[in-house]
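Think of it as A, B, C, D and E in the order they're written, each chain with its own count starting at 1.
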Amino acid sequence: MGLLYGLIAVGLALIFGLMDVTNFAHGEFLMLAMYLSFFLFAFFAIDPLLSAPLVAAAMFVFGAVVYLLLVRFAMRAKANAGMVQIFTTFGLAIVMRGLAQYFFTPDYRSIPQSWLGGKTISVAGIFLPEPQLIGALVSIAAFAGLYLFIHRTDFGRALEATREDPGAVALVGIDKNRVFAFGWGLGAALVGLAGAIMAVFFYIYPDVGASFALIAYVTVALGGFGSVFGAFAGGIIVGLVEAVTALVLPPSLKSVGIYAVYLLVVFIRPRGLFGSM
Amino acid sequence: MLSVHEVTTAYQGLVAISAVSIEVQKGEIVCVAGANGAGKSTLLKSIAGAERPRSGTVTFDGKRLDGMAQHHITATGIAYVPENRRLFPRLSVRDNLRLGSYLYRGDADREGPLNLVFTLFPRLQERLEQRAETLSGGEQQMLAIGRALMTRPRLLMLDEPSQGIMPKLVDEIFQAVLRIRDAGMTVLIVEQRMAECLEIADRAYILQTGRVLMQGPAEEIRGNPDVRKAYLGL
Amino acid sequence: MDKAFAARRRRDLIIAAVLAGLAALAPLLIKDVYVQNILILTLMYAALSQSWNILSGYCGQISLGHALYFGIGAYTTELLFTKFGVLPWFGMLAGGVIAAIIAMGLGYPFFRLRGHYFVIATIVIAEIGLLLFQNWEWAGAAMGITVPVRGDSWLKFQFMRSKLPYFYFALVLCSLAWFVTWWLEDSKWGFWWRAVKDNPEAAESLGVVVFNSKMGAAAVSAFLVAIGGAFYAQFLAYIDPESVMGFQFSLLMALPAVLGGIGTLWGPVLGAAILIPMTELTRSYIGGSGRGVDLIVYGALIVAISLALPRGLVSLFSRSKARGATR
Amino acid sequence: QTSEVVIGVIYPFSGGSAQQGVDAQKAYETALEVINKDTDFDLPLAKGEGLPGLGGAKVRLVFADHQADPQKGRAEAERLITQEKVSAIIGTYQSAVAVTVSQICERYQIPFVSADNSSPSLHRRGLKYYFRAAPHDEMYSAAMFDFFDALKKKGTKIETLSLFHEDTIFGTDSGNAQAKIAGERGYKIVSDIKYRANSPSLSAEVQQLKSANADVLMPSSYTTDGILLVKTMGELGYKPNAIVAQDAGFSEKALYDAVGDKLEGVISRGTFSLDLAQKRPMVGKINEMFKARSGKDFNDLTSRQFMGLIILADAINRAKSADGEKIRDALAATDIPGEQTIMPWKRVKFDEAGQNNDADPVLLQYVGGKFVTIFPPQAAIAEAIWPMK
Amino acid sequence: MTALLETRGVWQRFGGLVANSDVSISVGRGEIVGLIGPNGAGKSTLFNLIAGVLPPTQGSIWFDGEDVTNMPAAERCQRGVGRTFQVVKSFETMTVIDNVIVGALVRNTVMREARRKAHEVLEFTGLAARADVLASDLVPAEKRRLEVARALATEPKLLLLDEVLTGLTPTEAQTGVALVRKVRDAGITVLMVEHVMEIVMPLVDRAIVLDLGKVLVEGKPSDVVRDPKVISAYLGDRHAVGA
């Protein structure tokens, strides 16, 4: 489970952590991706596992468009840029929920039969649900890919530079809008992957994002902004803490454990575990 | 090579430079001087695309620059080192330099100018892994010029490069400018320290409250008694 | 120059007095309880948002967890009332004091945090509070607390049908929050807070004890918000954790200030005056369709205002401040 | 004489439980058709158009959105009463909202019909204008334990129970009621798990259920959590002997669409059963009317909503007035025999608290893609399959 | 009478880098002392230690006869240490006058007093005309002047000036020099960092040269600029001739 949180968080880690742009619509991105998977399944009977790349591609376009049409302008605000970003994306989240309700109806959907749904591998008495296993593998791959991408390519460095000073990258010939649109696209595509896998075993409805958004933020912050590895570690810790607290505290308080760990970590290390910002 | 024609630029209605025209020939070092707030920085910003001129034209090698996006202007071969340097504070010196050559990321020899940078500023080579924000003021200035050189400009525009630089290095920077010119680049410098600047410059312009007050060969400007009194403090 | 400044302060005070006076007369014309309800909510959110603005707008410590203090105010009042028979008026004060103490207690570890880490910490702590109340049997857990209704009484601050007493209380609260802000704006604390917001390091070098400043802002802010929470509990006569401590409250406190103009004297009031009626009306008149149109309209408006006026609606009024808002 | 009577309907039409609001709307519109049009059912007001007691006045519904927020529910109730001049209000799905809406109704002396709230605390607040025709969770829970007792008598082993309930009013109330009755009747609760509604994951919770491995798993969950619960159980390989659910999610079509195959044999309490159509053909016909609007069969919620409006309209008709107080008195005097409802109830008659104690719950088992009534014996059409597959 | 400021064997390390090593300097009351040295010599770091931004790794700092080594920055300001930042740190969303009022509030808790004081300081520093402009709208040279004004408003005994006269034409610099003299005449001790010798030399009573974190030379400006160590490390050949 932790790795799944990680997978959801990785897209956010890119947008929020590496580009330092607040995205309060992250949960809604996930919602959209889940609906995409669902409809691809419902109308064309494409298994979510197969459609994942399609969903990711569609989400890439969506993310880039959101950046170009909205976030770009939110980032221009010289006055309280942080708040403008928070509320622009928050407004976007509400609009997306409204649109989802309008077009997809508020019905709960889910994908009943998929290749993976409900299948379980049992290893020495420990049950490993396949979708989550695949989710875990995908998330490790996504993290590794993103890590290499950020740390080994010029694009990754351009992304960091743009975060540091969007006004200055033009001095070295970088188009900040291209870099960030690509970053948002990539972030959304990663959310798309997460959504496709989530769709296998989670229900889908317009407000589904709300269940995950806060956990995703905490995961990214726990690991530390600006660190891909941090988000990965954050995901694992969140998963572990959740499992452990469920044993000690009443399960309805299990998120208290996660939150408490976050508070503890930032109390000791105000920049999260591996944060650079 | 660079021709600025009757450029007017304003900040929220307040005109900072009005109808300023300057020319820079290939291989020249041109100095722009003037009092605080005369509009020197605004002129450079208008050329580099950081501010959009209200009217007038900027052409570089026959290409119209005004209205072009700033990163495209950089790509046409103009490197601009702004007054406040605008380094990437939390990135290392190495990454800052490397980003300078972003335009050449496909090239085998993308880091070509690095040698030049290290010969000009050996200090940078010692500080490669340090975050730019923790460099001392002078080191940051070196890095800013170094990063600009990495874009392989044909025209280098420096806004007060001597600011906050120790005397020994001021000379070195001016020497470096000469060497940069010798390496085939053209240089446009905005400076307060006119005396030193005029020593190396071929030609100079003096701005006053947003207009060109005087222009001519450096020698001539240096000899002008008004200039000596008003700007050189002699 | 000083004269102009003093004149502006006086002008603000006069405008506020006139507005409050007009508002006080409003119930003479507006008899419709639905509209009165909207007015009460508007005043309440204006008060809350102004209180939030003290910590987040002036002092720059963006909190999205103020629902915690709101809930503490509400719960303290009602627990004291239902369990110990303490009159709501005392409960309200107690709630404010407790909230202020908690805010300072939390400030101790939190104010070391910066930026997103701080924001997330505030969200998380409010969420913890919510979960604790949700599971706290003695405080009614998920059932919440129903305030026993015993008929109209100023002593117990409850009224069956009439909304006027609530209206006037909300008006007083809103005016109080405004006045506190007005007063703080030209006080030592007000200057320190803005300095801390803009550049803590420079503030420190000028003798501002940054930590204490933040603490002061947090305490004032939490106190006022808790009073608002106590009011809400009395007004609704029923509270449960989700409906007084939910995350949406934290957002709803911030939203008017942000839309109106964060860190400004008039911003939160202006924002609330526009946002709250809009929220209520879109829900009431287009929300019944079940198709989410109200959400689309509401969300789109938020996006539009945030983008068009990053300094908030007040920038429409003061030209000088609007200057240089966008690059 | 008024030519129309207005009734306010308050539901969540946006937010997490918007689906319930939208479904409810369809149910009420179906009931409205029965009332306002001439239909041939053995229901109050079915024959003839409108309300004969008010000279054939038509009923009009005004829908309002409470977004699951008690404050908004209250504001909407007030708006409906003062602006729309409704004669009565019906709602609300969420119990927390019912609390404030019923308070307002009390203040304005307008009857509130709690169609589908099942929290037992609601009718214990001494309100005069509160009415609930349907059973509450204690009645439901009692029925479940009656069922266990009956099975035990036949020799089935039922000793241990796992309670699994969410943390809002519905789940908490239900869990408390079940724990109480279990104690009284000597069942052992081996795990009592209260979980956070709409959690992103229930793995840890299901692990605990699995290791407790009780004879019966008794969930009280809404749809979303129900789907996740069943899917997670599948993934973690937990197959309890029997699931006896406290309705909500477990009577939703969405749940069965999602994970139907895993729910073969699940038992849920309910107040409604399509099986009744075999004995009472109008149930089937009305269901068809509803299905034509919503594309779904009546479920436990929508049937209660339908019936709630019929009962309310009947009272208004008998009151011969749109006045709240008169309607209240008429509601208090309601006595409709079970046959004149679409429910398996004995009759509809309210006690002083406004609760109908004759609304017998039923237990339904999901077999072969549909629900079969298995309890109480007088309503049952099949024997329970125990343990479930 | 003891010196106003004294650092005793101060060290500052950043990881492996030694920014200040064993720095012992003292500044007497009423002096104008120039702190010069190559870029990266550790001048700004020493300022930070004196102002209390961070505690030294080792050594102690004495101000006005008191050990202030572990005293927080705000408190040192209250004792009379005023400083400017090399990289200006104005309160960008506040007006110039409001920026200065923040400083003035240290000694004047009554708003009216603080405001009057702030206006006085703006007059003194020649920023009066810009009082109601937002700090973010100032040009760099003005921002540096604002740094000085803000620090002066705290009525310091010791003023630390970190390159506040850079970026001025020689003529403009002369007004800056006059300002510093006026400050000293008002009884405030000045410790300043500046790279422009034309400004430093005539202005300061004493110069301290830092190099590689250590005190290299200390003495009268005219002597210091002739010191071959200073010439080779800092001034370069041209100044050897010039001086």
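To be clear about the criterion, a contact is a pair of C-beta atoms (placed from the backbone, for glycine too) under 8 Å apart; a residue touches a chain by one contact, two chains touch by 3 or more.
Chain identities (UniProt): A = Branched-chain amino acid ABC transporter permease; B, E = ABC transporter ATP-binding protein; C = Amino acid ABC transporter permease.
Quick caveat, the model's predicted, so the values are computed rather than measured.
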Chain E and chain A - chains in contact with each: B, C
Winner on C-beta contact pairs when C-D is weighed against A-B: C-D
Identity of the chain that, by mean CA position, is farthest from chain A: E
Interchain centroid distance [CA atoms averaged], chain A/chain C, Å: 31
Centre-of-Cα separation between chain E and chain D, whole angstrom: 76
Length of the line joining the C-alpha centres of chain B and chain E, rounded to whole Å: 29
CA centroid of chain C to CA centroid of chain E, Å: 43
Numbers and ranges of chain A residues touching at least 2 other chains: 79, 98, 101, 106, 206, 250, 252-253, 255, 277
Shared interface positions of chain E, touching two or more other chains: 93
Overlap residues in chain C, where contacts from two or more other chains coincide: 131, 134-135, 263, 290, 292, 294-295, 324
Residues of chain A that touch chain C when the two form their complex: 16, 22, 70, 73-74, 76-84, 86-88, 90-102, 106, 206, 214, 217-218, 221, 225, 250, 252-253, 255-256, 259-260, 262-263, 266-267, 270-272, 277
Chain D contact footprint on chain A (complex, rising order): 1, 4-5, 98, 101, 105-112, 117-120, 122, 127, 129-132, 201-203, 205-208, 210-212, 215, 242-243, 246-247, 250-255
Residue numbers on chain C that touch chain D, as the complex places them: 32-34, 37-38, 41, 131, 134-135, 141-144, 146, 149, 160-161, 232, 236-238, 240, 242-243, 248, 280, 283-284, 287-290, 292, 294-295
Chain E to chain B touching residues, read off their complex: 14, 36-41, 44, 86-87, 139-142, 163, 166-174, 195-198, 233-239
Residue numbers on chain D that touch chain C, as the complex places them: 13-14, 18, 21-22, 25, 62-65, 67, 69-72, 74-76, 78-79, 82-83, 96, 99-100, 103, 107-108, 119, 121, 125, 167-169, 171-173, 194, 196
